[in-house]
Structures are given as C-alpha cells and as structure tokens.
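Pasting the structures in now, so scroll down.
What follows is a pair of complexes built around chain A, which joins chain B in one and chain C in the other.
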Partner chain A sequence: MRVKEVNWSNKGLLSATGPLTIMLLLFFLIPFFMTVVLSFQSTQYYRLQWTWDLDIWKEVFSEYFIWRIMWRTLTMSALCVVLCVVISLPIAYALINRMKSMENNVKILIVFAFLADAVLKTFGWVLVLDKSGVMNGFLAWIGLPEIDILFSPTATMIGMVYNLVPYTIFTIYLSMDRIDRDLVRAAYDAGASRFRTFWEVTLPLSKPGIFAGAILVFVLSLGVFLEPKVMGGGTRPMAAELIRQSFETRVNWPLGAALTLVVIAIGAITLAIAGKIAARTSAANATLAQEDSK
Partner chain B sequence: MTLKNMFSPNRREFLLSASAAAAAAGTGLMPRAAQAATSMRYMCWEGYDKPSIIQSFEAANDATVSIDLITDSAAGFAKLAAGGYRDFDVVSSDSPWIARMGPAGIGEYLDDADFADAYAGFYPQFQAPFTPLQHDGKSTGLPTRWGWVGPTVNTKFDTLETWSSYAPCFDPAYKDKICVMDWGDWPILPMALYAGIDPYKELDKAELEEIRKVLRALFKNTRAVVADLSVAQKGLLDGSFRALIGGGTYATSVLRKDGHKEIMSIVPDKKDGLNQGIIWMEATGIVKGTSDVEKAKALVKHMVSPEVAVELAWTDATCNLVPSKNAEDVFTAEQKDALQVDYAQTAWNGSHFHDVAPNIDDLLKIFQEELALSQ
Partner chain C sequence: MIADRFERRLVDAILYGSVLAILVFFYIPIITLVVFSFTESRFLTYPIESYSTKWYFELIADKDFLPALGNSALLAVTTCILATALGTAGAIAWIRLQFRFKRVFQIISFAPLLFPQLLLGVVMLLWFSVLGNWLEFSPSLWTAAIGHIIYITPFALVIVAVQVVGFDDTLEDAARDLGASDIEVLKEVTLPLLWPGIMSAAIFAFLLSWGNFYLTYSLSGTARTLPTYVFSGIAVGSSPIYPALATLTFVPSLLLVGFADFYRRKLAKRKTV
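Moving on to the complex of A and B:
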C-alpha cells in the first residue's frame, strides 16, 4: 500500500480537518481552558473574585469530604462496571447463540430503552420502587412483605446499571459476533461442554468488547447525576452532585471548576491505564501467535 | 449605543435589532409577536412566566417578552453579576437578591412615586418605603409574592402541636422520615434558629460549629435531600416523609389547592427568644441599562396589579400569597383556604424576614460537608 505524505500546508488536509479542529477548539479546548483559569479564582458572598491563587486547590486537596465523595464515586462506578458486564455477557451470548430469530427485535427494544430520555427513565424507576409503587404492589399481590429500597444506594445502583448496561451489551455483542464460529465448533468437537466452550473460547475472545464496554461504563459512571439524586435520595452524593452543589447552591464556581478537573483527571488516568493494558495485552497476544506459528 | 457596543451587541440589543429588522421587512407573513415594537428579556421564577400574565402584558404594551427561568436565586444573581445583566430588562427573584442588584451596579433604583397606585393597594406591611427592598433610602424593586418557611407536615400522620418545634427532626422516632429540601440556604436557616442562633447576624466560629452539630443530627434522621418539589410532595402525601424542612408554603399550597387540606406549613413556637419562622419574599426589579425603562416599569406595574397578582398567586406549580390587599378581594374562599390566608398574620408575627445571611458561604460549606459525611 502506498502512503501519501502530506503536510499541514496541504489545503485538502486543512479543509478536511478544519471543521473538526474548530469544533474541538470551540466546544472542548476553550471551555477546558476557561475551567482551568476559573479554578485559580475565589468566591466571596456569591461573587467571583479574580484572585489568581491556589486557595481552591488547597481546599480540594485538604478537605476530607471531597475525597470521601470521590472514593464513593469510584467504588460505585467500579461496582456498576462489574454488574453491567455480568448482566451483559449472558444477554449478548443469548442474542448470538440462542435467540437468533428474535435478535433484531431484542436489539431494537434495547435501543429504544437506551434512547428514551434519562430523566423520564429515572423518575419512572421512582414510581416502580416507591413505597406505594409498582414493585411493592406486586409483592403485596403475591403475599410478600414490602421492600423499601427507594432513596438507598441500592436504588442508585439499579438506576446506574439500567441506564448504562446497553453500552456493555452492545460492545460485548459486537465482540462475540466477530468470533469465528469454527473455533466454537472445534471446541464442541473436542468434547468441551457449553460452559467450557464459553469459558475457554467465547469469553477470552470477547475481551476487547468487555474491555471497551467497561471503560465506557466506568467513565460515564463518574458523571452520573440523576440516579444518586433522584433514586438515591441525595443523601449519598457522588462527584457530579458535588460539582452541581458547588456551582449552583454555593455559587462557588472556582471550586466547581477544580472538582470538574479532578473528575476529568480521574477519567483520563483510567483511560490511559486502560490503553496501556490493552496495548500490553495485544502485544502479548501477538507474541503468543508468533510462537504458535513457529 | 456606544461604538463598542455597536460591534459587540448584547443579547438584549441583538433582540431589539432583530425585532426592528423584522418590522422593517414588513412581510406581513410574520406572527404578531415578531412585529412587536419592543423585545424584552425577563429573568424570573416559575409562575411569572404564566402565558395569561405575559401575553396580556405583551398585548397591552406592544412588546414581546422572552423568559429565562431561575432555578436558584443565588445562581440567578451570580449570572447577572457576571455580566449577564446586559441581556435582561426585568428580574423577579428572591427579595434579598433584588435588593442587592442596585448596590452591585446591575439594577436600576426605582422612584416609589412612580408606583404609588400599586403601593396603595398593598397590605400595610408592604407599603413604601418597603425596608427590605431599600438601599440607602432608595427602592430596588417591588414585592410580588411571599410566604413562610417552617415545617410542612401532613396532619393525617402528625398533629400540628408535634411540629410546634423542630425537635422531631432529631427524634429517633422520626428516623428516615424527614425530607430536607435541597434549596440553598432554606433548610439551613431554620436549623440555625432551632440551635438558638440568629443566622442573620455575623456568626463566630463557635456558633458555626453549633449549627454544624444541628445539621449533622438532622441528616441522621433524613430520608432524602430533594430539589424536586413533586418528589417531596408525593412523599409527604403517602407518609414516607413526615415533614419537609426548608420548603414552607412554597411546597404546600399547591397541594392544598388540589384538595389536600391535610397538608400545612406552620411556624414553630418561639425558642430561646428567637422566632422560628422565616418570611420569604419575591420581588421584581429593573436591570441596569435596560433599553426601554418605561416598558420595564410597565412590566413591574403589571406584575403587582391586583388582577395579575391573583394569577401570580395561583399557578400550576406553586401557589403563594401576594402583597396586594386588593387581590385578596378577588380570591375565592377556596383559594384563601388553600393559601392559608387566615394563618398568614400568625406566621408573619412568628418569623424573621429573610435576608442573605452574612456567613452564607460558611453555612453552605458546612451543609455540603455534613451531607457528604452523613452516610
């Protein structure tokens, strides 16, 4: 294949990349720069003071409650990733292997649920989980005692998983769909059970999808706002709520800006680590493949 | 318009120019609103944007009014103070913030004489000069809606005597039965008053620590901290919340309007010599540099006229009292009952008039910290 070398004075290249560059500049880099600038100011009596100091950053790194909320956000996000992957694996597997005739219909249903407005879905869950809601109505109908999980971390997690699980379902589904069926048949021919075939063939080959889905869900979980507020009852705030409180309730824009940068940093570090792991894994796989071919 | 402004028009000027251009085009195909002589921008709380209120003003004044709804008074003020005031003509917000617009250089001072007719129809306590909206003897706005903050309770589950104090908020019997409204300083100030501390004066470290302890104890019994009124109201109706803290009449009267007369907002009894209730008030002021001061004044007058005051008192989202005594004559007995008009004087007598607490930054920080560490 011939690779054509072009430099930045090339008009074609400029016109092709220009719109994206302008978009990134306007909607990402400039706001990001303004957020950084804002984090070095202060607020007094609801008014922004252009002080250019490190006070806000000192507050961010010295206040225990901020890091407690960050830790809560990280653990909730990690748990959400695990649950999403665990739920998505059998769904994706069933879509490919057991529900071929219904595959498209199920995918459409998942897409519809995914595209429905998050506010509607979250408030819908309130009606389901409420003390006098659908769930307790059903439990009473079958003679079981009522469960009170609205305004609890469990309710928050239900909301997070419900809203984010389509990401893992589709990434894992795409990975599984690309697996060579001959490999699966070979495992069966060699006497492997369904579970062993899944464990030793399907699961390892689905790793890229699991990995991509996990990363997506983790990064998105860092910014969940509605679920802890509406379903969790707001008594265990997560990072996004902390940022909202700082911007809106406290009108402490510098603190809100600094906290935003902290969350962006956590997301970026996660992506960087994930990228490293992915690179190492593919390098290791390539080495193994080379050794096998010898 | 200055040369500088000509090349960097603000939204208000842009709308004005666009409107003029539309009028000049005179196609005859444009709707009436697009051909109005004046375009105005109005920042306000929900309710003020009611079509019946705005459309009658537009029709009478040949103007179009664009609405920007406030979800938080402090955030609205911060937006104006950060330069946003150039985009607006009139603002309806909580009275302390309207009162601050003049001194902050973002609000026009008003001559009470221009609004003499409006004041003539007000209750005595709202007559000019209305001190809470005065700065250096000059008026910053006119009062438009008011109510009180105290525990909001469902009398099907609790007697009013039980809530003659905030003490049940800290009673283990009420664990996971308290709902705190996530509305800025509103849940904090009543807790300060319960602690025997007047939050409207400068507080020392010991007093702030005392308020911290009360908030910590409150969060131990708190089931939810909600900003959404419908969630709070639903919980109050089904008994999962036994009291809303920080909501007051703003959260109550729309339920009473819908027939839930068991829901009431009351003012607790005096404690440690301190009134335990808080009177909140919304006011309407004119933004500095408005392009048409007369139209802006007309909008303020419109908002406090008895006919509009009744409309403003009675909206889908919330129902509240208005300062216009003339409006009371228009209320039906049913409306008066929903608004707890008979209780209004008792609430007024047992309350502080709301202002921005001098230590508001500290109080909000304490609230955020204690909420984060509560679970």
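Moving on to the complex of A and C:
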C-alpha cells in the first residue's frame, strides 16, 4: 500500500475528509466550546444569566458532595478497569492459543452479547439478582443461603464490568494475535514455565492492547448512568447522574456544563498520563534492546 | 515431568474455564430475559409457574411500542448509511493519503469515541437548544440521528480502515491503464474490494445505533426509541412485556451477526480458492 502525498486542493482529499470534518465541526467542536463558554455564566430563577464570572467554578470546587461523587466515580472506574483487564487476559489468550476450531463461534457469541441492547441486558441482570430472582432460586436449589446484592455498589460493578469487558477482550485479543509464536516457543525451549513465559513474553508484548482497552473502559465508565440507576438503585449516584440532575432537575445549565468539563478533564488527564507512561516504557525498552545488541 | 504435566493441566483448566465462565456471564441476563418472556404471571419472580405467550400480544397492543419500533428502525437505518459512508471516506483518507493537518483530522475524527456518551449527548443537547431557539425547532429524532452519526462514525472508520490496509492498489493502476476514469475506478475497483469491510462496518453501525441508549435519551426530545421506551418503562415498574420485547429484538441482531460472519467466511473461502 503506497501512501499518496496530496495537497488540500486535491478533490479526492476534500471529498474524503470534507463531509466528516464539517459534521464534526458543527456538531462536536462547536458544542464543546459552547459548553466551556456556558460554564462561566450563572442562573437565576431557572433562567440563564450571561454574567461571565467564575461563580460556578467556585461552587464546583467548594461543594463537598460534588467531590465525593467524583471520587466515587473515579474509584469505581479504576476498579472496573482492573477487573476488565484481569478477566480479559486469559480469555484473549485462550481464544488465540487453545480454541482452534471454536474460536470463531466463541467470538460471534461474544460480539452478539456485546451488541445486544444494553438497557435490556441491564434489566435482565435486575431479574437475575432480585431477592426473588434467578440467582437466589439457583442458590436455594443447591442449598446455599440467599444473597441480596441488587441495589448495592456490587451490583453496579457487575453491570459495569458486564457492559464494558468486551472492549478489553477485543483490544487485548487484537494485540496478542500479533505476537510471534516463535518467541513463545523459544521461551519454552529455554526452560521457562508456562506462567513465566506468559509473564515475561506474552504480557509485555500485549501491552498496547491492554493500554488501549484500559483507556477505553476507563473513559466509558466515567460516564455510566444506566448501571448505577437501574442496578445500583440510584442510592449512590455517580458523575453522570449528577450532571443529568443539574441539567434536568435543577435546570442549572452552567453547573452541568462545568461538571461535564470536570469529568472530561479527568478523562483527558488520565489519557495524557497513560500516554506518557506508554511512551516512557517503550523508550526504556528500546534503550534496553540497544544495550543488549552492543 | 509430573510437574510439567500438572502445570499444563492447570493452564488448560484456567483457560478453558475462563472462556466458559465469560460465556455464562454474558448469557445469564440474555437467557433470563428470554425465559421470563414466556411467563404467565404478572410478576417477574423465580420459579416460573406456568408458561404462555400472552405478553407478546400485550406488548404489541401497547400503544407506545410500535412507534418506538418505527423510530428505532428509522434512526438505525439513517445512522447506518451516513456513518458508514463518512467512515469509509475517512478511512481512505486516514490510510491512503498524506496531507497537512492529517494528525488534526485524525484526532478530531476519533475524539467522539473517547467522550463518555452521556456527556457527548449533553454537550450536543446544549448546542441544539441554542440552535433551536434561533431556528425554532425542538430536539427530535433527527437531532438524535446526528448524535448517533457523530458517535458511531469512528467505529465504522476503524473497521473500514482495517480493510483499507490490506488493499492492493496496483489493481487501481491496472484499471486506469485500461482507460477507466477516476469515478469508474472508485465504482468498479476500489469499493468492491473494500466491500467486506464496509459491510461489517454497516452492520456494526446499525446495531450500535439500534441499541444506543445514552445519546437517544439526551437528544431525541419526546420521540422514543426501543431503548428509551424500555428505560422509561422499567423506571416505573417491571412488567413481562419488556422480556418479550428483549426476545423480539435479540432475534434480528443475532441474524445480522450470523449473516456478517457467513459473508466474511464465504469471502475468505473464495480468496483461498
């Protein structure tokens, strides 16, 4: 595949990028800048006032309950990322190295479950976890005491992992699939155990996929709304619920805009730090490889 | 030697076990919904005493159901066509062309994917409210369609881009040597060769839009699609019509996913022959 160098006056380039750029400019970038502008205004009696001051930002940074909810969102998201990665690693590995004939069928089953309507799946979990639901029916059948976890943070986490784990499975699968099998065989020949080979060869080489998946899951879980509401019972709201409430119930648009920006900033900062770490580790690996070759 | 055999057994157990466990985990709520859709009782509790199909008829009789179904279909078809077209064009620019500000184009065309969906919806709703004040419209199905297109186009772009990477561009030269015009090359060579990627991008786009809750919820105003219809229903109280609805919507998406795979396999076979 050759990459063609073209000028902005090229008709092909304009028709390839033009519509998408205009669309994104009109309905993504402008709204984003408007949100920034809006966060410097204020409201009075449910009406927007063009005041151009920092009142809303002062409110955001001084309210204790806002930061409690932000902290909860952050910890829940971090836990969700860890769980998703840990769950996905053996599955991606098994899909590539163990499931020769079944690989495609398993992949289709996962894709279908991923693409089915999220609201309905979340509702399905409510039926499973309900006090008189399927799970407790099953537990009673095998003679165990019933557990009541619906409308708790545990249930929220189950829902979040359920809806987000396909992302890490896909990204880790894609990056593991590219690993040269000979490297793994060489490690076996050198006498490394299977666990050691996984730890020292497969895992470092699947880092790009782990990183990409972790970032995607983290960003998406910062904005979850369905799971805390439907499975968590709405008693421990997360950032998205707070933002929705400031827009709808309190009709305080500047506050909602400012909170939206806070969440986006948290996501962007995490992204930047992750990028830095990724760049540094790959640079360190490169110098290490150079010293080895000397 | 014994330790090695033990280790191999252990690894196999972990690997096969984890795949089995994830499939069970993924299908617990889905199968539960399908089973509960055939309950006779009004209440969704386990065990189910007797079975019937009456909730399917109740669902169809519900006056909000058919409009929601129509809206979902309209939204998904519109999004599917436009997001796939924009994504395909974008993918060609991403992979095949080098131009000034390419990096900027790449970042902004990918940014919506890294936005939490609800926030993307909220930010766009603010803009549509302002525009609506000026131009006198209120959020409805087509504002939701714009939201879906913005969010789903990056997905389509990535899927098509994978196909573009493996594209053999000497075939285009051959067509040009034989006297084909640019448009003819695009129509007769480029697009047919990219077709598998475009096809799976379209199916993905359709299903992502069909099941999208967050953006529709923020942007569609009073118009309801199936996900928001279900959400407003279960917020009030659960009823067996929702499992019935779930079962009805799982069938077409299962068929689509199966069809996509069948199509891909057929193409793979043709390549090896």
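Keep in mind that, in the parts below, the second predicted complex is superposed on the first by the 277 of 294 C-alpha atoms of A that agree within 3 Å, B and C clash if a C-alpha of one lies under 4 Å from a C-alpha of the other, contacts with A are read in each partner's own complex, and residues count from 1 in each chain.
As a convention for this text, contacts are C-beta pairs under 8 Å (C-beta built on N, C-alpha and C of every residue); 3 or more make two chains touch, one makes a residue touch a chain.
Being a predicted model, the structure only gives us computed values, none of them experimental.
Engineer: Between chain B (first) and chain C (second), which, if any, makes contact with A:38: first, second, both or neither?
Structural biologist: It touches chain C, and chain B stays clear.
Engineer: Would you sort A:134 into first (chain B), second (chain C), both or neither based on which partner it touches?
Structural biologist: second
Engineer: Looking at the overlay, does A:118 come into contact with chain B only (first), chain C only (second), both, or neither?
Structural biologist: Touch partner of A:118: chain C, not chain B.
Engineer: In the superposed arrangement, does A:230 touch chain B (first), chain C (second), both or neither?
Structural biologist: Both: A:230 reaches chain B and chain C.
Engineer: With both complexes superposed on chain A, which partner does A:81 reach: first (chain B), second (chain C), both or neither?
Structural biologist: Touch status of A:81: no partner.
Engineer: After lining up the shared chain so the two structures overlap, which partner does A:249 touch, if you call chain B first and chain C second: first, second, both or neither?
Structural biologist: After superposing on A, A:249 lies in contact with chain B but is clear of chain C.
Engineer: Applying the document's definition of touch, where does A:110 land relative to chain B and chain C: first, second, both, or neither?
Structural biologist: Touch status of A:110: second partner only.
Engineer: In the overlay, answer first, second, both or neither for which of chain B and chain C A:126 touches.
Structural biologist: Both chain B and chain C are touched by A:126.
Engineer: I want to verify the contact counts: of chain B and chain C, which reaches more residues of chain A?
Structural biologist: Partner touching more chain A residues in the overlay: C.
Engineer: In the overlaid three-chain picture, which partner chain does A:160 touch, first (chain B) or second (chain C), both, or neither?
Structural biologist: Once the two structures are laid over each other on A, A:160 reaches no partner at all.
Engineer: For chain A, give the residues common to its interface with chain B and its interface with chain C.
Structural biologist: Residues 126, 130, 132, 230, 247, 253 of chain A touch both chain B and chain C.
Engineer: Which of the residues in chain C come into contact with chain A in the complex?
Structural biologist: Interface residues on chain C, with respect to chain A: 7-8, 11-12, 14-16, 18-19, 22-23, 25-30, 32-33, 36, 44-47, 86, 89-90, 92-93, 95-100, 105, 108-109, 111-120, 122-127, 130, 146-147, 149-150, 153, 164-169, 182, 204, 207-208, 210-211, 213-214, 226-228, 230-231, 234, 238, 242-243, 245-246, 249-250, 253-254, 257-258, 261, 265.
Engineer: Under the stated contact criterion, what part of chain A meets chain C in this complex?
Structural biologist: 1-8, 10, 12-13, 15-17, 19-21, 23-24, 27-32, 34-35, 38, 87, 90-91, 93-95, 97-99, 104, 106, 108-113, 115-128, 130, 132-134, 136-137, 162, 165, 169, 193-195, 215-216, 219-220, 222-226, 230, 240, 243-244, 247, 253, 256-257, 260, 263-264, 267, 271
Engineer: Touching residues of chain B toward chain A in the complex: what are they?
Structural biologist: 71-72, 74-75, 77-78, 81-82, 104, 182, 184, 219, 222-228, 231, 234, 238, 240, 356, 360-361, 364-365, 368-369, 371-375
Engineer: Give every residue of chain A touching chain B within the complex, in rising order.
Structural biologist: Within the complex, chain A contacts chain B at residues 43-48, 63-66, 68-69, 126, 130-132, 151, 229-230, 233-237, 242, 245-253.
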